[in-house]
């Protein structure tokens, strides 16, 4: 049991990620309380999510494609389990926990070097047509690629 | 009914705020998709929350007090209902929706100049002792001050 | 005499600004040394420069015009004369110190509420054609508008 | 000859760096003009400067030392020679071009993956006593360490 609504069992949940991206806390990302400012992990989530989508081959299309498809974030949330400090290495893990027609529920896990969890998070990403703003359904290939990265789902 | 878990009825919820802080979308806060980057509203929430706490007289203590009390954000979330663009004025409204012993559930509402809602959000703020990291209970005065700002609670 | 290469006489220089834009140091802009992080004033310069150009009527064209003209920053520098802290109000003043064919040398002055100078800066802005990347000459009207804001130049 | 005041000969200058730190342009660091926002390279300079000082063993003292010595940036400047875009890898090189009693003139060079120069910069770093704000002279060891990293100076 977990007090975090999107995590049923923390151990199982944490074990279900396969994609990892490392970030390092910049000096400019700290604040006068001496720790990482709490607005910054959302930047880490974005960076890790993009690396995840790049690893699936999606990002190239979204940035350069003529189809005009882009991903937008519909909602985003973060639970701060531990403070982070200047120079900390943080491993951000990413997975697609649920895949809809044109959206996906993306989960995030942040670990310190000692393996302890400092961040958890989730948020909905929707693929839209940039010109019309309307949702664009995932292709079957896209769905399979997101699914493949997630061993628990099989 | 609302699809957002922390909002029961959007109209009632939106009408329940009394504190407002205005921000304006900076050029440097846009991204290559041409709109406000989705990591930035968390900065707006922080700025507005601090102005809210300042209006209650809390911030002065937290920054300068010898007691070593500081507020930390335990979790934070945002729903992006509308895109925002460079130069948009956004009114960020803040209230304490629930007040615990040493924590408070802070709600956020972002409105464009035309009155339409572009952002909603919430997050738990906990008052802790900076040195020990342990929760510090609110004084009765603090609770009353947070409560007074919230007309629906009465 | 001034130790800063782009300022001949600090008093005269400081008196020559007519455009002012106010910013306030955000909590998220401080760092673990307890003061405003030194990368942030460049954001203030950008914000104030854009407000300055908006006051001249330039920005509207740059963001929406079909001509494809955009301003780019060719170089930027800042001298940090005093530390700034959370919640400080800083008045950022802007002027076009020199106007070239397609570029302008923009100067910046940052003052605290007590009138003391905390920041000085300068940088070249060039108007280019976004598609070709080539410089685009200012119209006579643009030159006159920039010149009018600068009383010392007459 | 170079149009940039702190660079006498670009080729010689560019060849004189030995310390390199790699950064990658984040999506959140782009702006609506589609490229890296010009306020961001100062963050890259800070990150690379800190990695440079860490490589010399200085940073540990500055962050944790009881002596209360901290480095502050007295001035900082950047010349933007080429646009940078989302996902670009940029190699930031750092050296101490001149070493004073308690300050150093730090130079910066940014290169794209193809070896072309996209950024140059410089700025004065001063070691001060955090409590008094007064300059603190470098130890002989510190001077030698900064000097060793700079092959042209010998």
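Letters A, B, C and D mark the chains as written, and numbering starts fresh at 1 in each.
As a convention for this text, a contact is a pair of C-beta atoms (placed from the backbone, for glycine too) under 8 Å apart; a residue touches a chain by one contact, two chains touch by 3 or more.
Just so it is clear, the model here is predicted, and its values are computed rather than measured.
**Q** Provide the labels of all chains in contact with chain B and in contact with chain C.
**A** A, D
**Q** Report which of B-D and C-D is connected by more C-beta pairs in contact.
**A** Most contacts of the two pairs: C-D.
**Q** Would you kindly tell me how far, in whole Å, the mean C-alpha position of chain D lies from that of chain B?
**A** Inter-chain centre distance comes to 37 Å.
**Q** Could you put a whole-Å number on the gap between the CA centroids of chain A and chain D?
**A** It comes to 31 Å between the two C-alpha centres.
**Q** Determine the centre-to-centre distance between chain C and chain D, using the mean Cα coordinates as centres, and give it in whole Å.
**A** 23
**Q** Scan chain C for residues touching two or more other chains and write them down.
**A** In chain C, the residues touching two or more other chains are 27-28, 32, 37, 39, 43, 46, 63, 86.
**Q** Would you mind writing out the residues of chain A in touch with chain B in their complex?
**A** 4-5, 32-33, 37-39, 42-43, 46, 63, 70, 72-80, 83, 130
**Q** Quick one: which bits of chain D touch chain B in the complex? Just the residue numbers, please.
**A** Touch list, chain D to chain B: 27-28, 30-32, 34-35, 37, 39, 86.
**Q** In the complex of these two chains, what residues of chain D are touching chain A?
**A** 26-28, 43, 46-47, 50, 54, 59, 63, 86-87
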